[in-house]
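What follows is a short report on a single structure.
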Amino acid sequence: MIAALEARYDPALAEPWDAVGLVCGDPAEQVRSVLFAVDPTSAVVDEAIAAGADLLVTHHPLLLTPVHGVPADDPKGRVVHRLVRAGIGLFVAHTNADRAAGHGVSDALAAAVGLVDAVPLEPAAAPGAGLGRVGVLREGISLGQFAEQVAMALPTTPGGVRVAGDPERLVRTVAVCGGSGGSLLAAAAAAGADVLLTSDVKHHPAVDAAEVPGPALCDVAHYASEWPWLPVAADLLHRDLGGQVQVTVSGRRTDPWTFRVDGRLRR
Amino acid sequence: MIAALEARYDPALAEPWDAVGLVCGDPAEQVRSVLFAVDPTSAVVDEAIAAGADLLVTHHPLLLTPVHGVPADDPKGRVVHRLVRAGIGLFVAHTNADRAAGHGVSDALAAAVGLVDAVPLEPAAAPGAGLGRVGVLREGISLGQFAEQVAMALPTTPGGVRVAGDPERLVRTVAVCGGSGGSLLAAAAAAGADVLLTSDVKHHPAVDAAEVPGPALCDVAHYASEWPWLPVAADLLHRDLGGQVQVTVSGRRTDPWTFRVDGRLRR
Amino acid sequence: MIAALEARYDPALAEPWDAVGLVCGDPAEQVRSVLFAVDPTSAVVDEAIAAGADLLVTHHPLLLTPVHGVPADDPKGRVVHRLVRAGIGLFVAHTNADRAAGHGVSDALAAAVGLVDAVPLEPAAAPGAGLGRVGVLREGISLGQFAEQVAMALPTTPGGVRVAGDPERLVRTVAVCGGSGGSLLAAAAAAGADVLLTSDVKHHPAVDAAEVPGPALCDVAHYASEWPWLPVAADLLHRDLGGQVQVTVSGRRTDPWTFRVDGRLRR
Amino acid sequence: MIAALEARYDPALAEPWDAVGLVCGDPAEQVRSVLFAVDPTSAVVDEAIAAGADLLVTHHPLLLTPVHGVPADDPKGRVVHRLVRAGIGLFVAHTNADRAAGHGVSDALAAAVGLVDAVPLEPAAAPGAGLGRVGVLREGISLGQFAEQVAMALPTTPGGVRVAGDPERLVRTVAVCGGSGGSLLAAAAAAGADVLLTSDVKHHPAVDAAEVPGPALCDVAHYASEWPWLPVAADLLHRDLGGQVQVTVSGRRTDPWTFRVDGRLRR
Amino acid sequence: MIAALEARYDPALAEPWDAVGLVCGDPAEQVRSVLFAVDPTSAVVDEAIAAGADLLVTHHPLLLTPVHGVPADDPKGRVVHRLVRAGIGLFVAHTNADRAAGHGVSDALAAAVGLVDAVPLEPAAAPGAGLGRVGVLREGISLGQFAEQVAMALPTTPGGVRVAGDPERLVRTVAVCGGSGGSLLAAAAAAGADVLLTSDVKHHPAVDAAEVPGPALCDVAHYASEWPWLPVAADLLHRDLGGQVQVTVSGRRTDPWTFRVDGRLRR
Amino acid sequence: MIAALEARYDPALAEPWDAVGLVCGDPAEQVRSVLFAVDPTSAVVDEAIAAGADLLVTHHPLLLTPVHGVPADDPKGRVVHRLVRAGIGLFVAHTNADRAAGHGVSDALAAAVGLVDAVPLEPAAAPGAGLGRVGVLREGISLGQFAEQVAMALPTTPGGVRVAGDPERLVRTVAVCGGSGGSLLAAAAAAGADVLLTSDVKHHPAVDAAEVPGPALCDVAHYASEWPWLPVAADLLHRDLGGQVQVTVSGRRTDPWTFRVDGRLRR
């Protein structure tokens, strides 16, 4: 099981600071049912227990900051206690899943928004691997239409799809990066992208970007940008193990925002 | 002029990494007209030139990363060239304005959303100075009502007001921090806040916050959270100089986002 | 329970790099039986499970190097899994127990080898707290006799009691430090000690020590030097909790050495 | 213009800490007249303005320490203001000019003092490039004669030519380094130099050098050691641009020392 | 002389932090008699002076921590004064002797305990060079018998031979490292060693080792583990110099421990 | 002897990176004759041996960069060997002598050039101690006259006295710093100095200084600036020891420059 996951999402592709692999659970135990989710939150653990899963695979690490203990009165330690007592393992594929070739997080995002011929924005050594993807739409559309398409393709979240750019701008070449990919803007510009679709873009880089020619920015919920990877990874594991294991994609939206209110005057 | 500004926004209150004070222009020259803006963008420079301003005061630094030159083919160098040629100075009050007592960025935000008895969340040595503010609403309201009130009080932006929390939660004690204030969450919790209003909150800290009891989160545009300071600082300077200097608040919205599209509410 | 332990062994006394406190378990759960040991080895966990303990208190940390996960195929992760499944908490008092006043690790060692009027060698701010202890024997004896006395007072281990010094040297003032205390030699010399009793002393500092006047060295097993603290801490907790909790000292020798062979020629 | 300068003085040859290239001015503007100087002092700026130059090329950076602003009440900011207002660009070729092959700062110095077959002392990857030069005089002369020759060949400065070595020593192989090149002494010794000619040599390295066999030291004004590069670079640019641009070498001596007084007793 | 030593023990093999080579003495002076010892203690200096040696070769550095002076009231400065006044040089071969191929410190230890076909545990670039050695015994024996054999083969010291492991365990493949080699345990495990013989192993790594399958540990005096190198290096130098120089191995045991006392076997 | 020197030149006043105190020699030996010099060069050692001195006191350290050995084929090791064999100690008072109150290096320089009421430029905690001195001339003179006076007061060296400033500038308040004191320019300006007299001033700080109002610069040989301290310290030691010890100031000029050649005043 672990071997199958690591064959697709090689830990060697992860950043040095990352925390991937098995967080708890025993690799020697039999696994019949796997649940995939973006974040290992307590609600996702509830779901895993209710579903009788043996293994939870998440994109985000539980213990990114390393710990000296996992006491049950700490939220992350509580997750460990509940999983260990329920006999459920937790496996993380994070920046290795971001970089993996063919079935990575940005591959899934690129496919979800309709890109073809997508290649890594910041290539790694292995062919097809690397951060972000850049590809083309089958036909050019306006930035406004592109944003509509993104909103249709990804899970709906309270924050919606924010865009920095002229809605009439023609969009053909598109760069995407699941998660926080604002730092790939220069690479997107170098690749001739008309827009960079990513998440968690803050004020200062977006203001700086607007001061120079270059790609428009399209910002969605971090969760929404990574969600498309879940069914891709789940199906892949199911096939790699010859259909012997049951896989499920979590139904919990782990985007933390619960609602939005707009001002009266849209300018 | 510089002396009047620094008397209110003491450079000694700025962070060590910050870049406040006079960026260009000659303190020996006469100033009759001052324009206030959040960001020193090229559009704001257009406005300053068109308005015949002698001094531009912005909250955000032009040269936060220090430079070895200001050539005109670089966007920031171009701003310097245009200002120097037009005879307009640029003065920055950033983290010193954030921390200043009584007329600081978070004071203005706290007043805008109706807080009373606001005190610093992370106090500095000088009385009343420090990062963020915590105060109380005149009466308790629901989190949903609070978000509506915030949306009414601040400039409207495409991103609107995002909230993480139960809309029915009762809100009385409110923490605010203009700009990127997510790191003040622990201080807000310690101060007993029901909600923290700030901007640029990313996925991971918001997910972690949702896993423990504590304040709800209310996230607005960085620009919107700092805008209320502009008329406060402008009026203060006008009064401090005995009405001798004309002050104007910029009409340009420097929030970089231009539009938003929402999903169809699939779930 | 945790409060009672931390009242005696204040975590604030621990080194910044140390990893003390609750490693696993839930502070909200009831504790009736506590086992004390020097090291959280798998044999000690066997004993805790067999004895039906609810809490294991050890001197050495399980996770001194912080971790990104506690998978069951790692020896330390396996300890966590076994404890969590058995419902046993693990609490560590390490350098805070070394420094604690009156009932600390070096206090217990000093008492075991017959010192009186012992005070800290390297005092901390709190009265009576600090690293190491220096005190006096009731009457002066030879270094050889002192070593015999140490061998009698501490648990027997294969390594025995090694001494660097003249067996006829008169010993009256004695410095002790439970655990690896070779770095306290200069403090012991400054305190006028005739001998420093500690453990894990390596070749180079011992050779350097022999080149200058100063204390003799007496080196015992690390485990042996810290063992005397176990009954002290156990009794203290029992009394502090009004006798409501059952306390036991582990019977497992966690000194890693299993046997010793000597050469033919004793010189 | 910038392209022509960077073709000869490749910025990639500069040290990582250096600050070369365009400091102010717009590369899009037409340049008819260029002034070359060692330092961008206010007197040199006076000269550039008086001469109607469009571009000032200096060897030393204006903003070696990067800045957060260029206010006019700071001497370096004042230079920027005066140049921007006068429409004069400032271009710096510093350690890239030191290392450049064939027409670099040390090439010019080597030629000025009569060396032939000069090659880099500390070679860079590109052929002929590197720090310092070592070559031979057409015939061997005494160290005293060499110093006379240096004094004749370089601009006269109050400090003159200081020598550490026996005036009768025979000199044939000569190492030179424009600017502060004392750290190249070991390389000069390894290259078999009889003397190292450079500037800004301090007491301690000179005393250490006198304690071992090796090259004599010949120390001139930093300005004087770099001046010979100015006409070389000016002519080169003139030729590279097909004679379309007027080039001038500054007449201002930017050596900071204004006079010298000697003691009575020459020993 | 120095050249002969450095031909066998290339200083380039030493660690960057090490302090090998000539500590005092003049390489231009004639050497007729060389004394070899593990440590440059004052007793060894007494012996060198009494024996009329011209050069002392030690394995351990005198000045591992670099110094600003060698005053005679400091023990190490005193050694320098005594050697300089007696006209005796001091030469150190430390981590270069550890790593040297064929005649290194661990080669000598491997041979002393009866290993054949020994190769480096942590190979360096040069063939046969590297840290530690792993080889095989001519026939498998029990761990208890192996410890007996070690005790017979090495100088007897008060600490004896400490073993962590089952005395009945079969031992065939053996890893050795002269000096403090506990950090080579993982390499020894990877090489399939049944036991690692080294010195200065502390409590924590030995406890950790006991929690996983892997080599047993056999810990001897640091001095004893390095002593076998002395006659090897002495003979080698004698032969390399065509028998022209007299070589002697020091008779002083520089193991700092003087005696041992055992407990009464209470458990 | 050492105690008398350290009473005047407290090692606690030295910089953390400095290397003061006894470099070689035995504090237990009797001293009858002491030689004072600026640098411990081989020529100064010749003089000490020839003069039969027992102790050499220098201002500059022999081993500022700490060493792992003092072999005789290294120039500094050779100095150690020669001193140890001749039975001469070496004592260094460097930055502690710079900072010492009343009889320090800059005190001696201030007195030599005629300053009165001199106080530290950069005060240390102890009264009268600190780096540099600032005082006044008994009457104002021109900068040219001041330079003449400096040239008369200090040992003559080939480099003479270089000045950056207008020879007619009136000089009354004078800052001085023995050795390399260019970094004290801002302190000299803050103290209202008309000129800073020091040594080893390089091109860049001198050019920067000329661009702003502030003190003129007067640069002499490093050796010349520190020489005046030698007779002061020698007399002081003689008196402190009740005239029991013979003191001598070295006659060797350790300024490394041997001659100077001037240009023909071409401009």
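In order of appearance the chains are A, B, C, D, E and F, and numbering begins at 1 in each one.
Going forward, a residue touches a chain if its C-beta (ideal position, glycine included) is under 8 Å from a C-beta of that chain, and two chains touch if they have at least 3 such contacts.
Everything quoted here is computed from the prediction, not taken from an experiment.
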Checklist entry - Which is the least count of steps on a path of touching chains running from chain B to chain F? => result 2
Item to check | Interface residue overlap between copies chain D and chain F, same or different (over half shared) | outcome: same
Checklist entry - Taking each chain's centre as the mean of its CA atoms, which one is farthest from the centre of chain F? => result A
Checklist entry - Looking at C-alpha means, what's the farthest chain from chain C? => result D
Checklist entry - From the C-alpha centre of chain E to that of chain F, how far is it in Å? => result 48
Next on the checklist: From the mean C-alpha coordinate of chain C to that of chain F, what's the distance rounded to whole Å?
Outcome noted: 54
Checklist entry - Using the average of all C-alpha atoms in each chain as its centre, how far is it in Å between chain C and chain D? => result 66
Checklist entry - Which chain C residues reach two or more other chains? => result none
Checklist entry - Linking chains that touch, what shape results: line, ring, star, complete or other? => result ring
Checklist entry - Put in order round the ring, from chain B and then through chain D, what are the chains? => result B, D, F, E, C, A
Checklist outcome for this item: Touching chain C in the complex, chain A uses residues 19, 21-28, 61-64, 66-73, 77, 80-81, 84-85, 89-90
Checklist entry - Across the complex, what residues on chain D touch chain F? => result 39, 41-42, 60, 75, 144, 147-148, 150-152, 154-167, 180, 199-200, 202-204, 206-212, 217, 219, 221-223, 253-267
